[in-house]
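Two complexes follow with chain A in common, the first pairing it with chain B and the second with chain C.
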Partner chain A sequence: MPRSPSDGDEANRISASRFLARPRLQELIDALRGRGYRVIAPVPRDGAVVYAEVESADALPRGLRESQAPGRYRLEAATGDRVFDVVNGPGALKPFFFAPRETLLQVRTDAAGFEASETLPETPPTAFLGVRACDLAALGVQDRIFRRGRFPDAWYEARRRDVLVVAVNCVRSAATCFCTSFGTGPEAREGHDLVLTEQEDGFVARSGTPAGAEVLDGLSLPPAGAERVEAEHGALVACAEGMERGIDTEGFPELLYARLEHPRWAETGERCLSCGNCTAVCPTCFCHDESDEPALDGSGAVRVREWDSCFDRDHAQVHGLNFRPHIAHRYRQWLVHKLGAWIDQFGESGCVGCGRCITWCPVGIDITEEVAALRTEAP
Partner chain B sequence: MNPLLPHPAEIVEKHSFGPDIHAYRMVLRDPAARPLFDFRPGQFNMVYVPGVGEVAISISSDPEEETLEHTIRIVGRTTRVIAEKGVGDVLGLRGPYGNGWPLENARFKDLLIVTGGLGCAPVSGAIDYVFRRRANYGHVTILHGVKKAADLIHRERFEIWRREPDTTVMLTSDQPDRAWKDRTGVVTELFEEVAFDPIRTQVLMCGPEVMMRYASHILEQRGLSRERMFVSIERNMRCAVGLCGHCQLGPEFVCKDGPIFRLSELDRFFRTGHL
Partner chain C sequence: MTAFATAPKLKLAVFKFASCDGCQLQLLNLEHELLPLAGRIEIAHFLEASSRVEPGPYDLSLVEGSVATPADAARIRRIREESKVLVSIGACATAGGIQALRNRADVEDWKQRVYPHPEWLSVLPTSTPIADHVKVDHELHGCPINPLQVRRVLLRALLGTTPDLPSGSVCHECKRAGRVCVLVARGAPCLGPVTRAGCGALCPSLARDCYGCFGPLDDPNPPSLAGRLAELGLGPRDVERRFRGITGYAPAFRALADRIAEERSAEETGGSADD
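Our next item is the complex of A and B:
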């Protein structure tokens, strides 16, 4: 049963809601920029949407929507001039905080030894506009890993510190979405400073934090009114109920642990190319490599961190032995970690149901289908 | 201080055991950092070679010594560069990481130590620790198996341990050569020759997982509970701080939840291969 959007305190919700007419979206962008934020929003580029810096609301994917299916993604023209109808693209927020590649340390060597110092990034204050509920949840998942673990990561923290998030509730889902299985969407629940729900002529807007409220107040918006808020509610329920895919997480992680020897792994291992696309587009995957790159003039080195994938052949390689020699072992590691072990490690699922791994898998392997097959006991 | 920053440490002593194993005694450049490195036997440091890389290496000195020792087997890219280092050279250290062997709660118990394969560095420091506190422990049995006779490295160590009171040391080889005077066969066959009290005995194991899987199975049949068996797990390690994801075994991060696990806790993640 999908969780329906919060109908909590109806009266409060109505009184807290403002209306931002679509032509005034630029004012919101200007207000954020005026406060010193660079604004990052979804923009169409090379046939998909990506998060990129915008100055103008015209850069948003107006009048576009996408169609997604296993192994397939297309941007298509839609009627009307909605700007947030494209659900998502391959990129999530992840690269903005957990960089695909970055320098960790600067190391200077001389005859007496070496001296290492950290090279922390200097990131401008950043406002993200148009963040989906699933990506917001994924940000929370990565925060748990990089900010709240036993060893908080200074590089992640430096990028994450000064951030404002304007979420967008989903009134339309892609065919690959299944956020309702994890209660992460379609409505943004926590972690946002502001949230918008797009309607025919504009947006219902609410704040989630004092920082968000300040921005909203500065725009002097009219109240959204009961009618708009009810329509918003109806659209969110319809979106949740219209979701076609899902994962039955009942009994996780134990159920997955009990399926470690299931014949399905070998079958999927035959299809999987071990390309690692799924881990690259996943907004929560955190595996990485650390390595040294010596300076050409011999004066030292930099220590570099780069995304890695459990589908990489060397991921579980130690001297003389690979613990996961076959693709089937790697696919099992990925799925059991994401949906099972993650719960033991971090107290929550590693999947937020964004569907990216389904869309961007070149052979269309579908995590929801895999779980359904794994749930049935081997014959 | 950032946990990924290595502390410079100078090599003050180097002992070589054959061409491929060297023990390095190191002193931190900054003596004030030494308390950060207080450790328990079985814990490890990341040893850093500037411009080359970082490797996980157990600490083989005694926790009460001031200097830190690492006994390193030369196998690949980074360790080959370490092999060239000598007294006066500086390496980086960060740590200590991992949990260590449960030696405090093993006091006055008998120890059955089962090791196999080439490197069992994580356990030899623990054995030295026990013998330095001999009176605190009961009977110590050390069973070590290698495939080929030539794989037995560091034989002197076993000979030294063999002379300890109330101690049994047995070596075996799968494929012995003509000079081999010890047992023939796999290490688990030695179980038939040793007596132990399942209630008083604590097992420490280190070596190939297939060996440990089989050994634990036989020991269980001999009445030893999995609660009393501890295994040292090896996995690829890049960060040692639970962030890079490389060392996972089921829900465990071997770098911070291990590398030593009570067998009953690993359960099916230990029994299932290729995880």
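Our next item is the complex of A and C:
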């Protein structure tokens, strides 16, 4: 359900809001580092923004914005010295918790048999700065799968445990964004410790948790005042209303199940490369493969887990048969699971509307267009 | 003493056909790993490493290079008979190699032009992959192959299991490595989406576009990518060339390049008829 930003209690919101002048952003980074966190923030690299460790606010994408379209992403210079105008890049928070490749177990063999021990990662306390509302929602989706499922994942948990999130509300959306379709943005509502909204000369700042409040209090910031909070509200409404794309989720998942034989799948199967980029950039996709790497001297093996994809032909290979032999089958599996079966499985949508699968698809297949085409009954 | 150390050694052979030796070299590049392996593997035939040659049969034969002469064609059959498991290694052995460019040309004509004594040469009209001649158990792709994949083949062979090699695209590895896509962010004509994983996304990691040296993945879609390359500004000739590289003789790449070539020549003849 789309929702309007800032429908909370107006007076509370004003009294809770502080103002962080842009030159003081470094103080926030220093405060986080001073509390023992490594700080991960978006930085420009190789023509996009990626999440990387920063020590200085100068590392942020100052004076840059990006243009996104199906299959296309470009960083561009913008006027002014705003640091959070680039909405997102290919990477979400996913790789930090659900690692692209990691060792799960160390297995030792000897004459008596074998012994397996977990190799849990040692991750320093981590603060993320500049997390978007959709990615925060996606983090919630992955948390419910990896942390709160029937089999909590120890490796995910080890990375996820000691984390502080400084979210940034979106006052600008990319052309590929459609978070309003899922009510996940543009404003961060839950899951953050602190949230910033960037304005011309700085940030409106609020805390979401006691840990965030402690950081904020330590900075001794002035109140933001009613005028800034009003402007913030206006910017968030404008951002939500300006979003170009959307998915009509009415009737999901049943509507999608009723479209399994739609001719659109075959058409899209002709375009889709089955390359798996969409699943890799999707902040909620969780499929993985496990394999054993034997030791050189035969003394055992390590068990490795790495990201897999339903677009990989082997993903559906069982006992010499493949139950998704054509690319169209794989595209259908991905979309129907993401937007439909996920609801049956986890009680929520698997899509948060971040738009990454649209931008980072080499041939620009657009999930919003696909759904629009699938909604119309086959001729 | 481990349970495996008492097992008999795996008898390994490495053979070379029409190739540059670069793939065999990857085996030697395993360097510090070869020593612990030496206790478990007997190198029975590997001319690049040792002139000592043991007769077959072999537990595992790695075959580099393409079949380019009548003698090659006979020799690969003998090797197959002597090998329990045969793995072809590299773009030449799996796709005919760059020398397969001659498969579209008149070899007799080339012989006359290039060699002072063409009558001394005995060559087949085509350069073809090993699997066109004998049954191959596994293929290691790449120009050259990735030493980590050789390692995997050896270690899995020691356990008597299959190597379990990737079937998906280079993009999987590229994204797992956290690279920014050069096609999407720069418009570079990357072949990663149709190319088999295994290199660790080497080229995109160096900010350049993949040129397909691992050959097509299982079930690729070159026509769709070709359409995208055209949108990025490549003319038909450039797209064709892109797919006629080191693994250009692999069926999926060849079919696309041949189709583009046909369309081009149809257009050219059509054009001249109009004049």
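Criterion: the second predicted complex is superposed on the first by the 377 of 379 C-alpha atoms of A that agree within 3 Å, B and C clash if a C-alpha of one lies under 4 Å from a C-alpha of the other, contacts with A are read in each partner's own complex, and residues count from 1 in each chain.
Going forward, contacts are C-beta pairs under 8 Å (C-beta built on N, C-alpha and C of every residue); 3 or more make two chains touch, one makes a residue touch a chain.
Small disclaimer: the values here were computed from a predicted structure and weren't measured.
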| item | value |
| --- | --- |
| Chain B versus chain C as contact partner of A:Thr109, first or second or both or neither | both |
| Chain B versus chain C as contact partner of A:Asp153, first or second or both or neither | first |
| Partner chain(s) touched by A:Glu261 [first = chain B, second = chain C, both, neither] | first |
| Touching partner for A:Cys287 - first (chain B), second (chain C), both, neither | first |
| Partner chain in contact with A:His319 - chain B first, chain C second, else both or neither | first |
| Partner chain in contact with A:Ala341 - chain B first, chain C second, else both or neither | first |
| Partner chain in contact with A:Pro90 - chain B first, chain C second, else both or neither | second |
| Partner chain in contact with A:Arg101 - chain B first, chain C second, else both or neither | second |
| Chain B versus chain C as contact partner of A:Ala372, first or second or both or neither | neither |
| Doubly contacted chain A residues - partners chain C and chain B | 109, 291, 294-295, 314, 325 |
| Residues of chain C defined as touching chain A within the complex | 1-5, 7, 33, 36-37, 39-40, 151-152, 155-156, 158-159, 164, 166-169, 171-172, 175-181, 183-187, 190, 192-194, 207, 217-221, 224-225, 227-228 |
| Of chain B, residues touching chain A in the complex | 2-6, 8, 10, 29, 49-54, 75-76, 90, 92, 234-236, 238-239, 241-246, 248, 250-251, 253, 256, 268-269, 272, 274-275 |
| Chain A to chain B touching residues, read off their complex | 104-105, 107, 109, 112-118, 145-146, 149-151, 153-154, 253, 257, 260-261, 286-292, 294-295, 300-301, 303, 308, 310, 314-320, 323-326, 329, 332-333, 336-337, 340-341, 344-345 |
| Chain C contact footprint on chain A (complex, rising order) | 45-48, 50, 71-75, 89-91, 95, 100-101, 109-111, 270-277, 280-281, 291, 293-299, 306-307, 309, 311-314, 325, 327, 359-360, 362-364 |
